[in-house]
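Common to both upcoming complexes is subunit A, partnered first by subunit B, then by subunit C.
Up next, the complex of A and B:
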């Protein structure tokens, strides 16, 4: 992203004369579009994305029940949200599910992505099947797994030696396990795809050199493949963290936050507060917390990794 | 160069193939069995008596209408994205205006806004605008949330257009509009098809905006229909799975015929 920024901003600085409408190809200002070309899209985006984002901040200080006008209540919503034990629990559950997602999906998708980067024909065919879950809506994926894991008619009832009484949605541990598994099933293809692209871009010369030096496959993986995938690991982790924090459909459809409130994660709790209890102020507070958390975590990952300073390796990334 | 097969990755790849393919097989086989047959046999067994009653049952629940609604939303969202993004990307790549680079930063910032974050005020704004329970109310925010990634994808594609091509046209005295129509658009066809596929996928699979901004059957999209079907008839596993499969068919068809654009569109989802 940084590269995009600098590249976009660079011409502004380098053009000494703005009104230089000199003739000939020497003047690069000729035939440049004005900013007017960007105006329609910008207005549209501000209206339907930026303005609501500002409104969510305002609403977090207001009381609104869905009809009539919102009323200013100061920090009331904030105090209520932080005094709410369900909310505190939902933050921990959100973090737990996010960490579980990263821990499960990262090694798996690196392994699959590196494998799929090979050029053999059978890999291409198998990869085509891998990506199917990625095409499906989260709703379809969740409804599919809800049906497959049905306590009476689903797969668990066939394998009681593995699943006990077959009701995976009845206990907190198994319910969380289901949520983590379904997210992994759905999103591993995306991350594999990222790693596949990156693994194909690794220069073969590095492996040839390593082989001459007598490095085995394992050493090649840890000393060449993994370091070369660094940027992709960061991209993919940011996606997992933001995706984990905003998980919603899976919880709504698979567990409804239950048993009790044992899988009520923050995004789902926000929906419940706003659209089931009609407490839009509290909903706005939770929404704002989610945006801030996602932004901060992404920034920390970017800073810690020095991602913002790596320019050359970003070359060719869209 | 690589001679020895990589056993560990190979085993993981095959295991994952089973984990991905098995549920898809169970789904397909369940949809062509009657409720009774499905309950009797194992979910993994091959169907004995084929029936299409689950599919006709889904149509009885209004899935025909949901399909049409989803199609309207998808076409409209793609239309908005295709009209708005190319001029924007053109300005981002070619304009020397400070405003244009500021705008690009705004859209990069937009990448970080999840739909969940704005859903509460969106409900307020759409209701105030009198668009609640109206497909237009779903189309507008869905399209807006496709803009940041589409802009990133398309401006990337437009940057690859050779500088000398613009200069050659400038020598001929071409206006920015003529360069856009005769040079930029024809040369960024690939990028444009990627953003078409990306935004179509977002619109077709969208759930949160329809969930919160619509309520009646006449404005229901297919994901919402699926959710309601599951809530009301969840016990009817074959029927539910038939509805799930029907919602996938259009995407699977696109996957068969336009895999390259689709995979690139998915990489767009990857925030690249």
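Up next, the complex of A and C:
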């Protein structure tokens, strides 16, 4: 069992028919893909990611309004951005929304994912319905919720006991609440899907053994399922963090950064600076900060969690 | 390996900005512009293009230099214009909102002053209403010829709601306050406001400042005189506005309502609100959304007068018109001049009126009966014609780079997070020319 599992995890799959051939020959023909295989992707990546990134880095030291030639201004943009109270606020808002996303979505999607991995009646149908938000574009989702939450013609007008005057987008706390709720509604299905797959891969023998030892459902969940989902939790959290830091269209459509600047998160502020105020220098600074922040946070999560060592959770089985 | 893909995906996401920039920055060759014996006319893409297409076809019948109509659809017009205007793809003639929207281009030396054209053909100026024509002047030179319809801001009402509350459309500010109180008592939102869009809120500032301080204040402020915002008149206008907000005129949840998604017009159409301050396009909007209401109960009025105000009560604010401006580097200035002349031709005026636009030539009056709705067209035309001043919307009078901060300040003043002094400071911090 053990060998089979580790073999399956290896990147190169040998085709079953040819298994009679010598092992050495196989590594020569198929082997690890050479660099040539990566050329198209690399060219694409350099052209559309690395070069623009360098261009943005250069632009962050220039003043450019879209007309005329960019003018070198040294650290001026950087100083301006760091002295800008709206920018500082936007960083906190971004972090807040990211943390809210992780805190709300992780437990929900673990529960749903584990449930969806089971074999209950109607499970497949209900999960299929539940995954629908995943198929909708973020723009559609935001437009939909904006209409549903209209204070005069939407849900709040029917449920005044809960929403009061329905001024959800007019106050900071409720506006942030709406943003967190909508992204939870939208992204929990994706993470549930990750957990569903991972939960399915947990060998049944573990549960059988636990049952013999007299562990109930709750204990099984905390002592087998959760530890076995460890790597998936990390994957999902990295996705959430990076997604949270780059959230944009939800804010653009739902709140436009308002009321005032109360939901102006960094990514939206970058758009505002660059494409609405034509201050491309400041926009570039914010863009760079976002790239750096997302990279650092991802690295920290990977390092802390030991994910980089890629230990197989199957180890426990042998 | 997984992290690697996440990382690259994130990187790609993070630099979308960079892509857009580098693509636009290195856009050379491509060979449109004026090099091919044609003039390119760039306009905002929407239903009105019908008329513009007809004008171009008309022009091409007689001209040796052919005109080509290019359109940029929808809301991204200004952004895209800004990215192409200094490249070889730049058009010869382009649509704009006058004043602030072309000021950066004038400053960058990209636009041709039209004074020479006007010297050759004085009608290019004299055929248009002066209050409209002058809104496209920068530093005393003319840079635009009006090319669509004028859109003054009016106080619309649901007359049935007003009647039920025992009130009627106000002539003065005190009547408005009184009307608001009565409407409130009858259980409706007195004034619908799409605060979520921010620019509808701005319209209230525009009218109050115009009525109380007169049009000079904004002219000074846009010209760079920051003290204008701190003047007594400015404070007076803000306090009046605050008073209106505090009476509960707009209800409490206006920041969650939008005009653009049909929220605030529906409030008025369904009898849940009494008034809404909006551009003249509101009329056709309601006709489309709520035909029955629009035909029976939709009222339109000019903004109330304010006692002791310095502004003429006949002044209006709004979008004066759209304009054609001409690039300095066009290779066919004579052809462009000929094209611009069509903007005051009878045929063009009739075509505009037929689709509901209100052109701003002095002789538009003659053709008002051919308009889609003659009564409404005449009302607007008289209003604009008699107006000593037509204040262009602030967010268009100021350079584009100011609009975001301006909209935020306006919203924050209404919801109380900025007081009078805070608002004045925010306005003083706006970039002027």
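Criterion: the second predicted complex is superposed on the first by the 266 of 318 C-alpha atoms of A that agree within 3 Å, B and C clash if a C-alpha of one lies under 4 Å from a C-alpha of the other, contacts with A are read in each partner's own complex, and residues count from 1 in each chain.
In the analysis below, contacts are C-beta pairs under 8 Å (C-beta built on N, C-alpha and C of every residue); 3 or more make two chains touch, one makes a residue touch a chain.
Note that this is a predicted model, so its numbers are computed, not measured.
Visitor: Check the residue A:215 against both partner chains and state whether it touches subunit B (first), subunit C (second), both, or neither.
Guide: neither
Visitor: Which partner does A:235 reach: the first (subunit B), the second (subunit C), both, or neither?
Guide: It touches subunit B and subunit C both.
Visitor: Per the contact definition in the header, classify A:52: touching subunit B only (first), subunit C only (second), both, or neither.
Guide: The answer is both, since A:52 touches subunit B and subunit C.
Visitor: Classify the contacts of A:201 with the two partner chains as first (subunit B alone), second (subunit C alone), both, or neither.
Guide: In the superposed model, A:201 contacts neither subunit B nor subunit C.
Visitor: Go through the superposed model and pick first if A:150 touches only subunit B, second if only subunit C, both, or neither.
Guide: both
Visitor: In this superposed model, does subunit C or subunit B come into contact with more residues of subunit A?
Guide: The partner with more contacted residues on subunit A is B.
Visitor: In the overlaid three-chain picture, which partner chain does A:40 touch, first (subunit B) or second (subunit C), both, or neither?
Guide: It touches subunit B, and subunit C stays clear.
Visitor: Taking the superposition as given, does A:261 touch the first partner, subunit B, the second, subunit C, both, or neither?
Guide: In the superposition, A:261 contacts subunit C only.
Visitor: Just checking: does A:129 make contact with subunit B only, subunit C only, both, or neither of them? Give me first, second, both or neither.
Guide: first
Visitor: Would you check which partner chain A:167 touches, where first means subunit B only, second means subunit C only, and both and neither mean what they say?
Guide: Touch status of A:167: second partner only.
Visitor: Considering each complex separately, which residues of subunit A are in contact with subunit B in the first and with subunit C in the second?
Guide: 45, 48-49, 51-53, 55-56, 59, 143, 146-147, 150, 153, 235, 238-239, 242, 246, 270-271, 274-275, 280, 283-284, 287, 290-291, 294-295, 298
Visitor: Along subunit A, where are the residues that touch subunit B in the complex?
Guide: Per the stated touch rule, the residues are 1, 4-5, 7-9, 11-12, 15, 18, 24-25, 27-38, 40-42, 44-53, 55-56, 58-59, 64, 70, 108, 111-112, 114-116, 118, 123, 126, 128-140, 143-148, 150, 153-155, 158, 185, 188-190, 193-194, 197, 204, 207-208, 211, 217, 235-236, 238-239, 242, 245-246, 248-249, 252-253, 267, 270-271, 274-275, 280, 283-284, 287-288, 290-291, 294-295, 298, 317-318.
Visitor: Enumerate the contact residues on subunit A facing subunit C in the complex.
Guide: For this pair, the touching residues of subunit A are 45, 48-49, 51-53, 55-56, 59, 65-68, 143, 146-147, 149-153, 165-170, 235, 238-239, 242, 246, 256-261, 270-272, 274-280, 283-284, 287, 290-291, 294-295, 298, 302, 307-308.
Visitor: For a test of understanding, state which residues of subunit B touch subunit A in their complex under the given definition.
Guide: Checking each residue of subunit B against subunit A gives 1-2, 4, 6, 8-10, 12-13, 16-17, 19-21, 23-24, 26-27, 30, 38-39, 42-44, 80, 83-85, 87-88, 90-101, 103-108, 110-125, 140-141, 143-145, 147-148, 151-153, 155-156, 159, 166-171, 174-176, 179-180, 201, 204-208, 212, 223-224, 226-227, 229-230, 234, 237, 240-241, 243-244, 247-248, 251-252, 255, 259, 262-263, 266-267, 269-272.
Visitor: Which residues of subunit C touch subunit A once you look at their complex with the stated criterion?
Guide: 2-3, 6-15, 17-19, 21-22, 24-25, 79, 82-83, 85-86, 104-105, 108, 110, 195-196, 198, 251-258, 261, 263, 266-267, 272, 400-405, 408, 411-412, 415, 417-418
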